[in-house]
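As structure tokens, here come the structures.
Below, chain A partners chain B and then partners chain C, in two separate complexes.
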Partner chain A sequence: MSEVDPSRPLVGQPVRRVEDARLLRGRGRFVADLSPIAGIHHAAVVRSPHAHARVGAVDASAALALEGVIAVVTPDDARRLLRPFGVGVGGAEPYWPLALDTARYAGEPVAVVVARDRYVAEDAADLVAVDYEPLAPVLDVEAGRVVSDRSFRYGDPDAAFAAAAHRVEASFRFPRYSSTPIECYAVVAEWDAAAGEATVWSNFHGPFVMQPLIAASLGIPENRLRLVVPADIGGSFGIKSGVYAYIPLIALASRLAGVPVRWTADRWEDLVASQAGTDRLTRAAAAVDAEGRILGLRLEILDDVGAHLRPPEPATLYRCFGNLVGPYAVEHLAVEARAVLTNRPPTGLNRGFGGQQLYFTLERLVEMVGRRVGLDRVEVRRRNLIPAQHMPYRTPTGGVYDSGDYPALLDTLLREGDHTGMLAERDRLRRAGRLAGVGMAMIVDPSGTNLGYIDLARTPEERGRGLGKSGCTESATLTMDPMGGVRLRIATAPEGQGHETVAAQIVADALGVPMAAVRVDPSIDTASQVWNVSSGSYSSRFAPIVASAIHRACAALRERILAIAAEILEVDAADLELVGGGVRARGSDRAVPLRRVAGVAHWDPGALPPGVEPLLSVTASFSSELARSPAGDDTVDSSICYGGVGGLCLVDIDPDTCAVTLLRYASVHDSGRILNPLLADGQVAGALAHGLGGALYEELAYDPDGNPLTTSFMDYLCPTVREMPELRIHHLRGDTDFVPSRAKGIGEGTCMAAPAAIASAVTDALSGHGVEVTELPVHGGRIWEWLHTRERGEP
Partner chain B sequence: MREVRLSVNGRPVTARVEPRTTLADFIRERALLTGTHLGCEHGVCGACTVLLDGVAVRSCLLLAVQAEGAEVTTVEALAGDAGLHPLQDALHRHHGLQCGFCTSGILMSLAELWPRRDQVSRDEIIDCLGGHLCRCTGYVGIVRAAEDAFGLPAGDRG
Partner chain C sequence: MLAGGQSLMPLLAFRLARPTLLVDLNRLGAELGGVEAEPGGALRIGALARQRAVERSGALSVLGEALALVGHPAIRNRGTVVGSVCHADPAAEVCAVALALDGSLELRSIRGRREVAVDELLTGPFSTAIEPDELAVALRLRPPAGWRWRVLEVARRAGDFALAGVVAGVDPAGGDARLAVFGAAPRPYRLDGPPAGLAERAAAAARPSGDLHGGVAYRRHLVGVVARRALAALGTDAA
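Showing the complex of A and B:
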């Protein structure tokens, strides 16, 4: 375990986390731990037991008669007092957070009970009588209604396919899973009837583009909706972005009950009605020349977004649009992108968001290309990788890859991941009668979303008529207190990533103060701090975007500090440096402590030099000029930075039970500069667990009537410590000059790559049985079915 | 309603509760100690683990009335005036927590083993951790921390 050298800059060192002090002592403050206001009552949500049903009369009288119950929110209340969420795409109905006349998935909210405590509220929820008239559910994505449908052409795909020596095609199914944070959705809402305002404490972590949508749903101006998010959120991985849909509902419950209302979801609610990643069917084809170079791709993508096109969907289709070709130099594409409604719960952000779906298809297809032309999986990739000298590289879909050397990444993956050793181990296992396989994946890891990509769901003509969408803005407010202490406020609402620590590292370096002198507050209060629609935690945006905003805030405060110190020391500001908690004239011992500088600004502003504001507080922002709305030809640079990630793994399959074990995994990254290697590796290990879960264990399953089958952790299987493989992590010495932080995101790449790498390994393990893995998860039951179907000679 | 008397972290707590009140809710809402977290309320995730007379239990699966007269130890009791408990310190040094929501339960399960730490094997530690779900860390830092705290050589899991 490497130690921290305090004489060197803290950024880049394995600094231990400041968050740990409270979390280890049980002194974290999560939403369920907060009692921010007196008189809180508790809500329970009444949910549809049918995947599809007409909702008739809702009779709350028995519930209201129960002692301790004070209100029941019915569909009529919602119709009267709420408005539907706006949906950005023409084909979809407005989205109401409560089923008004039709329930469209099993678990959809139909009513909300408010009572003295949660026990009574749940009792009363059972007493709400709802007349349901069951309707036939649609569960097959190919039979569902298409609500967003766009066709894209980049380059000349027809010519590419006409000129191809080979056409390789297949269909791929990526499953629906959720990264199930251990803390479930939690909301406390208070409706202030006098002011017509709502205050909501929740574990919503953004994107805060939802704030005006929530306000609109409540029928109040956005400055009358105060969203508060504590500094501690018990994990999310994107899943908790969906809590926003419950906020109007609980605020309405508070409005009707006349008291503040708390709703804390339980695990059943989390699994049946929170949010999941999108399950995707992709029909893919590659046009390939005689040497195995991929000339063009056709992708027909069907995303099952569930019962509603809930914002920000259909974003899963587009989050990876700039990097649709992955690390490969493919120039011609034809893409059909469709979002389809079925009677399953709505989808949304889940760690990797669109990446694992894309790369599962792309990487499986590339290996099929290799087999067609007689290239092994290393060589077929090498032949198609974008050469390093082409960086920065503009992809046909408009992405601008800022930096990277993918051929070197591949070489490093094979070397550091011990490809030779894995092959030897595989062969040893095979000789012992096991089904063993080695697999790999190479992906491009986008970070720092340009929200403009979402506008690809509209045609250029539709986009031309209204306001454009673009941006990745974040800001940071840095303040020096009267005694020289430093406070940083950022609007990120982290869920365990360690933003307080890394932000303090950056500020300590920039201002020449110890980390302990820096207090970072990443909590959110939309009524009292600077934020914008792209604020929050998602798309691995801390390293490229938020850290860059912090750099800018430091530079601005530094300038003000130096101007004051120059006056005190009678030295030109250009000759001053911030070091050791003070300002010093370079090459001399003339120095002034920061508290003296702060003292002038706070207590003796009359002594400030002319033109210097009497305020040691700055708010600075960062937004890349690359974040533009989609162009008329439907190109868009969907992320600001693009890292390179390689995954290599070894799986063992028991020939009798078909149980799959991931024995070894190597993850190699080029993520620009690493801000904190301890935390970076923690992100990689966590992302692997999610990728492993999605590949082998986790699937939100439904019966033919649309009833959820995975409603507890007894049947929705998350990886435990026993399922984790031996893990090797390696970082290339990367860099990027596209962002001031010179750092790219690192928290999502491995969960995008791992499902593809594991599928590759399972295909290798079953190579003697003619099985090509084109769907996940690949658990033992599925493998057993494949092997035994083949043995019986069935297709 | 029924009166329940028990001791939490050495302090007596008495409250009148419904017999169906879980021990977890009693700890959080009556003893006002919110370090014990609820992750699944059906005994799988382990976030709510506390010690009941020294034995690790899922406080979401016990009723408060079942703990009548018992000594309950929660995560808040681990750190003393002198600083973090060695298990907490090891998790800190090895980055064994991210969001920290599952951490309290993991600490209490490991704390059950702590009194006989000289005889604890690596298998026992993995078995112990196998009863907990952590969705942030991939368990790598947790295993390293536990190995370090119990004085075991680092294994091959990362």
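Showing the complex of A and C:
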């Protein structure tokens, strides 16, 4: 590992994480470690054992009779004291956090027991008698009720298909899976009856657009709902955003019990009733000319959002709308986007949100196009990539790709990923009797979401009638204390990404102070800090958006410091620089330490130059002007930045057991400037593990009655370090002038590319058997069935 | 009875087992923790001997090979060899080794002491002939002299319960072989005989149940694959 050179800017260097000292010693403080208020009682959630059932009488008398039980929240209580969450689109019924009269998935909350401890609460939960009348569940996405349905046309897809030499089509299924963070959902809620206010400590990490939804569900004004999030969250990868749906429920439990209430989900609850990535069926067709250029695409997308259209769904459909064509110069598209209800748990954010589903389809389709016209997987991509000279490139769906050279990315992928070596190893394995394959994927990695994309779920007419939606705003508050120390507050609620480290690097560089002089607080308290509805940790927004807000805050504080120093040094502010913990006149030895500058503002404001505010605290924000609500033609720039990611891999399949092993993976990135290569590479490795999980191991499975089959880590298989391949990571020297940080997100791209790349490699490995991988995960049992179904001549 | 807790604690956490009385044996390490070679070639493994300790002791290489496939080191640091036999998971490697090596379990109660052959002990999935008032104090294994062994399994990930697995042995002359198959029937089963055709017999005897990790036909197929491979690795002409 290369060393950090303190004489150079820290941004761009492999600075070690400041968080690790506490996390590795077990000193992180998570929600379950907090006792923020006295008298906390404990909740256990009573959940429906049926995937679909009428909920009749709920008899809590036996539970209430158990010693130590103080309250039971029933559907009647919820009906009386809560309101359903607002659902953004027309077709779906209101979403209540508790099943009122119908349970729609196995595991849906039906009641909440509050007791003096968790043991008693769980015992009492078993005593709550619920009168269920089971109903037939709907589990097939093609049989489910469509609750959001939109058609889009960009360019002239009919003409493209009419002019095409080839039409290549197939259906693809992307699985429902999670990210299974180590820490599960956790909430402590206190209802203050006197004030009519709720205070909630939780591991909700945003988007804070949910804060008004939670307040509305509780029937209180937003300024009477205080959400607190500690600086440490034990992973999420998007999954924990769904904890918001439990917050009104636990706050209601506190209201009824008259005491603060804690609920900490266990792993079973996490697997059956938290949140999952959306499973998707896509019917796709490509119009292709004789040379293999893709002229147009038709995509019919069916997202299984589970039992409720839980906000922000149907966002999975739209998160990638600006980059729907990936890295390819496709000009004509027809898209049907539908969200469908089934009797499975609700879906939502999961690392790679929308991109995993999109690129699995797109990349499999591109390779099928190649085979149809006789081009290998490299050449068919090369022929369709957007040329570098077209950057910034406006996609037909309205995305504006800020920068990138995709042909160069492809060349680099082949070179740095050792394509030649992988092919040689594949051929050696094949000669030894193995089924081996090489696969690849090229994707565009969106980062810094423009929340306006969600509005595509409404028609232009519907949008025209109401308020538009847009935005990606983040703010940063920077304060210098009397001794020149700096405190940065950001509203990001990181889940382990290392925001404290990277934010401190940026501030240290901008103010010319050592990192140790910068204290970063990324925890959230909506009652006492600056935040907005876009705040939080999602959509790879730290590098492009949050880092840019920090840059702005640094610039504003710097200006104030220089104005004071100019007075002290009697030098024009334009000739001053911040360096070595002080302010110095450029090219001279005239300097003043920061603590003296800060001292003037704090201790002697009377000496401040005229017009300088006596406050060394600034709040600055960043929001891109590109973040606009969708246009009348349904185009939208759904993300502020777009990186380029290539994946190349080698798989080995045992010819007898059909077991698949990922042997090698190469991930090549153009993510703009790299803020910290150590953390960036950690993100890539983690994203690969997540992509590998969806490709070969992880699946939330249900039996024909809708009962969950993957209720523990015995059946829900996350890849471990033993399943991780040899990994090569390479970064192109990238840049972007669309954001002040000049950096794009990096934590999701590999998990968007890897499932497609691995599927490509498995298809290559099974090429002699005519198998085309169109669904995931693939594993020995499934491959054996495919091969043996074919041998027996069955379809 | 709580020894390593690697099966019982999850059962308690999931509220699947709700015993009225729980006896923690863990302070009896001096009495129950030993591993001793006995005259005549048998190995006696005390009820509190941890899987990891036995694995690293090198006391019996076939057992070490099987234990290396049990979960992960953190699990084996606590899990016990005897506990695994008492739990009687159909996919447990240790039960298959005990079956292959003519193992028996030493049981004690206030009524006295008895020793039950593992073949009679394992009555079905997660069920044994141990009486409610009995405490398993040791497992006795009787490896036949001069035999060589190999343990092979197929699992979706390293450390998972096997989709199919086999403990295979061959005598010094190579004319006699033995298979104990696990993960392929309600309890492990054993086949003895000349190596030729033994793998096919093993596959034919499999009674696997299918789940999302593999169907019935696939799992039966895997029994044949691992049995053939293990016998081939032992230098027999199993094909």
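Assume the second predicted complex is superposed on the first by the 795 of 795 C-alpha atoms of A that agree within 3 Å, B and C clash if a C-alpha of one lies under 4 Å from a C-alpha of the other, contacts with A are read in each partner's own complex, and residues count from 1 in each chain.
Everything below uses one rule, namely that a residue touches a chain if its C-beta (ideal position, glycine included) is under 8 Å from a C-beta of that chain, and two chains touch if they have at least 3 such contacts.
Keep in mind the model is a prediction, meaning the values are calculated, not measured.
**Q** Between chain B (first) and chain C (second), which, if any, makes contact with A:Ile182: first, second, both or neither?
**A** After superposing on A, A:Ile182 lies in contact with chain B but is clear of chain C.
**Q** Which partner, chain B or chain C, is in contact with more residues of chain A?
**A** So, of the two partners, B touches more residues of chain A.
**Q** A:Arg722 contacts which: chain B (first), chain C (second), both, neither?
**A** both
**Q** Report for A:Ala701: first if it touches chain B alone, second if chain C alone, otherwise both or neither.
**A** second
**Q** Scan A:Asp232 for contacts with chain B and chain C and give back first, second, both or neither.
**A** first
**Q** One more residue to check, A:Trp603. First (chain B), second (chain C), both or neither?
**A** So A:Trp603 meets neither chain B nor chain C here.
**Q** On the A-aligned overlay, A:Gly780 touches which partner chain: chain B = first, chain C = second, or both, or neither?
**A** Only chain C is touched by A:Gly780; chain B is not.
**Q** Scan A:Ala685 for contacts with chain B and chain C and give back first, second, both or neither.
**A** Once the two structures are laid over each other on A, A:Ala685 reaches chain B alone.
**Q** Taking the superposition on A as described, I'd like to know which of chain B and chain C A:Met714 touches: first, second, both or neither.
**A** After superposing on A, A:Met714 lies in contact with both chain B and chain C.
**Q** Quick check on my understanding: which residues of chain A belong to both its chain B contact set and its chain C contact set?
**A** Dual-contact residues (chain A): 266, 712, 714, 720, 722.
**Q** What residues on chain A touch chain B, complex-wise?
**A** Those residues of chain A that touch chain B are 1, 16-17, 19-30, 32-33, 119, 179-184, 232-235, 237, 266-267, 495-498, 678-679, 681-682, 684-690, 712-714, 718, 720-722, 724-729.
**Q** Along chain C, where are the residues that touch chain A in the complex?
**A** 10, 13-15, 72, 154, 156-161, 163, 211-215, 217-218, 221-222, 225, 229
**Q** Under the stated contact criterion, what part of chain A meets chain C in this complex?
**A** 122, 126, 266, 268, 656-659, 697, 699, 701, 709-710, 712, 714-715, 717, 719-720, 722-723, 779-781, 784-785, 788
**Q** What residues on chain B touch chain A, complex-wise?
**A** Touch list, chain B to chain A: 18, 20-21, 28, 33-42, 44-45, 47, 74-76, 78-79, 84, 88, 91-95, 97-104, 107, 126, 129-130, 132-143, 156-158.
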